[in-house]
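Paired with subunit B in one complex and with subunit C in the other, subunit A is shared by the two complexes that follow.
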Partner chain A sequence: MISLAWAAAFILLAPAIGGLIAGIDRKVTAHMQGRVGPSIFQPFYDVGKLFEKEGAMVNETQRFYVLSYFVFAVFAGAIFFAGGNLLLVIFGLTLAEIFLVLGAYSANSPYSHVGAERELIQIMAYEPMLLLTAVGMYVVTRSFDAIDIAGFPTLLVLLLPGVFLGFVYILTIKLRKSPFDISTSHHAHQEIVKGVTTEFSGPNLGFIEVAHWYEVVLMLAFVFLFFAANWILGIIAIIIVYLLELAIDNTNARVKWQLAVKSSWTIALVLGALNIAVLYLIGRA
Partner chain B sequence: MAYLQKSPWIIHYDASSCNGCDIEILACLTPMYDVERFGIINTGNPKHADIFVVTGSVNEQNKYVIRNIYDQMPDPKVVVAIGICATSGGIFRECYNVAGGIDTIIPVDVYVPGCAARPESIIDGIVKALGVLEAKKAAMATGAPAKVPASAVAAEKQPAGGT
Partner chain C sequence: MDSVQFLLFLILFPLISALFMLAVRRDTERAWIVKLSALAIGVVTVLLLVTQVGQGTLYFGFNAEPVSLLMFVLEMVISVIILWYAVRFRNYLVIALTLVETALIIWFESAATPAVVVKSPLFLDPFSIIMALIIGIIGSLICVYSLGYMRHFYQHHTEIPDRTNTFFIIIFVFLSAMFGLVFSNSLIWVFFFWEVTTLCSFLLIGFTRTEEATKNAFTALWMNLLGGIAFAGAIVYLTYQPAGMLGLDQVLVSGKALVLIPAALIGFAGLTKAAQMPFSSWLVGAMVAPTPVSALLHSSTMVKAGVYILVRFAPVFTGTAVGYTLAFVGGFTFLIASGIAISQTNAKRVLAYSTIANLGLVVACAGIGTYEAIWAAILLIVFHAISKSLMFLSVGTVEHRIRSREIEDMNGLIVRMPRIAAMMTIGIAGMFLAPFGMLISKWAAIQAFIDAPFGLVFVVILAFGSALTLFFWAKWMGRLLAITPDAENVEGLVDKNEWIALVSLAGLTVVTCFIFPLISAYLIEPFLLANYGTVAGLAQDNIIIMIMMLFLIVLLPLSILLPHKKARTLPPYMGGVETTHDMHFQNALGARTEMKLSNYYVGSWFGEARLAMTGICLCSVFIVLMFAAAFIGGGAFL
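Take a look at the complex of A and B:
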């Protein structure tokens, strides 16, 4: 069974939660650097400002790509919160990212193209582990549906510790954090201008920002799934994982794309695949 | 809603500055002054920026660059000239390769003189620019001409024979 109420709650509340997370992120980051930092509502001011700006576009198709990115990011999250199939969620998310890449390619700018290529490399890096996460959950619960996985009586993280660690590793890529903020970054002044978002401005950039908040909420909901049997533990896990990501973000320089791909694939193969193989060996699958 | 005032993103261009003013601008980003607490972000991308911060006088080679950056910024936008060289050309005004202050190329909204301009006065100048930004936003809403092409301004001010 799928629950439309949860999907509707996600569509309505995820921007508020995602924006607040981004605001707390900036505040904590500032404190880590010995600064005061902006208000925790700053991301909302930023997006509000972007929608007040002139809707300058490089070409007409850019808006189509941006809106498609937004729609499919929301769609993937809504399927997840409705209790739908995890594979559909992951494919929806990938499709959303591909639209962002196409939007960046549609502009005739070398910076935008470099950003798009790097975004594709990032997708290539995290996709195997994301799929292994869904496969691992299926092996344990015999279902790809988020609602069945959430309703599983034992803590999934106890049976899937390797898959969980692998997922946290690629979460750094999905949250656009150092050392894997290769295509674009939250922090200003990047060496490739602004990577994949270089050629987007005004309302288009606002839509990209809000779509990213939806993605962040969805990825943190994946973290929750590992602890779904005990929801208090799940929320504590989300907070700890996010703070860990912030600490990693502030203490690491960006790596080259080769290392990002190699290390994510190694982690996926070693931690993810080995974990699932062990499950078969001990007869839990 | 006045979100513009709460989230001014700047782009900084060093025209032909001696780096004195540039260092003071970077000082504004440090924990000591921390301009991010006002939502100010130093973005490296003109298409994301609201405030164009220029240091140094304009020379014959980079006036096209300044015009190009200005034209790429979406409206409403303001220009802040930091330091005496950017406001008038300073001691380099009479040099054969210097065109003068930033206002010989693009319309400037706020002038922050000084050699070098202190971080306090730079922040003060940016805050003044926020008022101008809001006024431009209001003018845009009433249908006033949103954009003054930089090339038009430059053409007016340029001496005969120049490009």
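Take a look at the complex of A and C:
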């Protein structure tokens, strides 16, 4: 726990950065589809408008779930940027996600119910790879602390190429991009409407959007860790990875959840576990 | 009180309570005896903690000859009782197993070798204290709960003759045997108490005397007898070893080569009692018994005896092929049982598979046997006992109220039975969410596995298993917390005794998360120091963050009390179809339909039959490998 300043910076700046990323995302996506697209500040206008709207809800408990989702998403990110334990970050993030899912369940609505089930399936799909990412970094650096991993002198990606690819694979799920935007989507073509967020509106939905920005920044920070030895390379990596996700998003149709789970697990086993196993054996020899 | 008096009190007092139950005629008398006994047992275990903590390991030597003789006689009585049941129900397998076991008992009891003489048959160390607390506090709370439950039970099942007294007698004997088991240094004594728990669980599972109950009771019996034979075999083997080898104090420090074979045999016995695959079916079948029995078997007794002995023998397992194969049995049981739990719609079956899975994790830790793994194993035992008993007792209460154990029928329970649903939410959170107990333990397990040689395989198993665990708990929790319109509160008057137990356990679930660093510092670490010469723990910073999260989780629900504008509530989105307030709508054919939701159970992937068969085959192979490794002397090649 070295850097409380970084944690504070995350809490204050992440929404701005996350919102901008969302804005650029929409602009680039529009260009890919041959449209002009909105201003890159559009996400801020959208969320701002959500906060002006009436706070109608299906039931009063939703307020609690949204607040908890928001608080723990921020908390998990803050632990990361303070240089804390990666496992703890992952557990915090999972806890946050569970609150979102419970909020969706609590509405007792068909669309949000299916969204909640699918969201859980998505968590089940990416969780092993996420844990293995932390484990891989530990095997190399002998520490779970973000601060130690960031301070490691060699580029982690060179030792953990499989883990990196595996992480990028599940990043698609975390960013809610096609082909894995199964529980809810940024695009309005879903047969389950807005899935897990169907029953949230007004300020509640605004909080969910902002919490998602925090999560995006946190996930991209994970990408940075693979390149932390050279921060310029790290930033370039983040940009390339994000553009890659956008390209995938725009060129793929949504798949069934079965394929999402099977492929994520296979990737975690083949790329993630195998990569770590090789390192492990080299380390022992 | 002298230390040894505590132990004798805890072993003998439940037997005295059982004797009193023989004389009881009226409900009020019974309630008083059960409550006072439970209180006495609970208070004495806490006193045991307060007075004995920090004393290290104490051995109590006395002339045990008469007691041992009495145990031998009682063991023969147990064999006769089991034989009587087996003959009555024509269960030839059980007859054969009992005869083999009895022969082994007579063999080692009649052998007069130096190994048989154990100077101190009883002992007390920090791990025994932890186990005693689990048995004493959780066991007593379950007794109190049973008072309310059994009354309801007989109101609902008028066809079954009232045998409440017998029920409590068996439970008190069970508790006594569990105390004996964790305080015994002599393996012959451990074995005696082990057999008593086998008999008690057989009687409790078959308690209702229905055809199904009898069948499942015999399944539990033959599997545990198989374990008993292995245990007795280990004792016979040790009888021909140097002096004092039948004492835990000697056998655990006498070098791996010498004790690997008996350790593997006792490991096998532990696997049967801890319901690991291929022996998991007895625990799933055991849920036909009244719910407090399930709570008892799953949390504080029986299965915990299995993992207790494995954790005791962990120093022998460390770094041996026997240990690793044992760990694989546990690891795969964890993974497969977690998967099966996803496909289960019956709440008690979900709980059963979750128990099997979590015990698998404990077994994996014990098999790895490093000090870090044992730290994780003991935390798992403690946290699992509390949350799981809370879950079982809550399900029992709900079952009596809504007449169903199906998770689908618990939809919107937070509206219909708000307080019980809150208890269950705490219990489920305790089982899988940060910053609660089981997650802390899993975290410790990851740390332990990753530092152990070849532990990576177990890290991968844990990563996948945790993902499965998360799915089945979260979807259950979601069902409980759904707000259904127009549902009535049917909680009514839940029995006072049931409330005492539920609220205490829910409180314990939360409180132990706050004080687990103390449990670790005063009980687990001294135990590790005595057995491994080194201690394990989580970094201070991380514990502080965990406790911060815990505070947040406790405080966030209070946010509802903050002043805020009351929001307008709107009905959920139904795709534009006109829907009444109670969620009825006109479907495409014009018929009135009720909107109904159901969880995913994914039977095609996680179906019980398919996965269980895989698990049974896989784990059987590892058990065979374990014995092969023990007999070749597998200590050498790792």
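One rule holds in what follows: the second predicted complex is superposed on the first by the 281 of 285 C-alpha atoms of A that agree within 3 Å, B and C clash if a C-alpha of one lies under 4 Å from a C-alpha of the other, contacts with A are read in each partner's own complex, and residues count from 1 in each chain.
Rule of thumb we're sticking to: a contact is a pair of C-beta atoms (placed from the backbone, for glycine too) under 8 Å apart; a residue touches a chain by one contact, two chains touch by 3 or more.
None of the values given here were measured: they were computed from a predicted structure.
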Overlay on subunit A: subunit C relative to subunit B, clash or fit: fit
Which partner reaches more residues of subunit A (counting touched residues only), subunit B or subunit C: C
Vertex subunit A; arms to subunit B and subunit C (CA centroids, nearest 10 degrees): 110
Partner chain(s) touched by A:R35 [first = subunit B, second = subunit C, both, neither]: first
Touching partner for A:V193 - first (subunit B), second (subunit C), both, neither: both
Partner chain(s) touched by A:V71 [first = subunit B, second = subunit C, both, neither]: second
Partner chain(s) touched by A:L88 [first = subunit B, second = subunit C, both, neither]: second
Partner chain(s) touched by A:E52 [first = subunit B, second = subunit C, both, neither]: first
Which superposed partner A:W231 touches (first subunit B, second subunit C, both, neither): neither
Shortest CA-CA distance in Å separating subunit B from subunit C in the superposed model: 5
Those residues of subunit A which subunit B touches in one complex and subunit C touches in the other: 54-56, 193, 198-199
Partner subunit A, residues of subunit C touching it in the complex: 411-412, 433-435, 439, 443, 446, 450, 453, 456, 459-460, 462-464, 466-468, 470-471, 474-475, 477-479, 481-485, 539, 541-542, 545-546, 549, 552-553, 556-557, 559-560, 564-575, 583, 595, 597, 599-600
Residues of subunit B that touch subunit A when the two form their complex: 1, 3-4, 6-7, 9, 31, 34, 36-39, 41-45, 47-48, 50, 74-76, 137, 140, 146
Residue ranges of subunit A in contact with subunit B within the complex: 26, 30, 33-39, 42, 45-46, 48-49, 51-56, 188-190, 193-194, 197-202, 205
Interface residues, subunit A side, partner subunit C - complex: 1, 54-61, 63-64, 67-68, 71-72, 75, 79, 84-85, 87-88, 91-92, 94-95, 98, 101-102, 104-113, 116-117, 120-121, 123-125, 127-128, 131-132, 135, 138-139, 193, 198-199, 265, 268-269, 273, 276-277, 280, 284
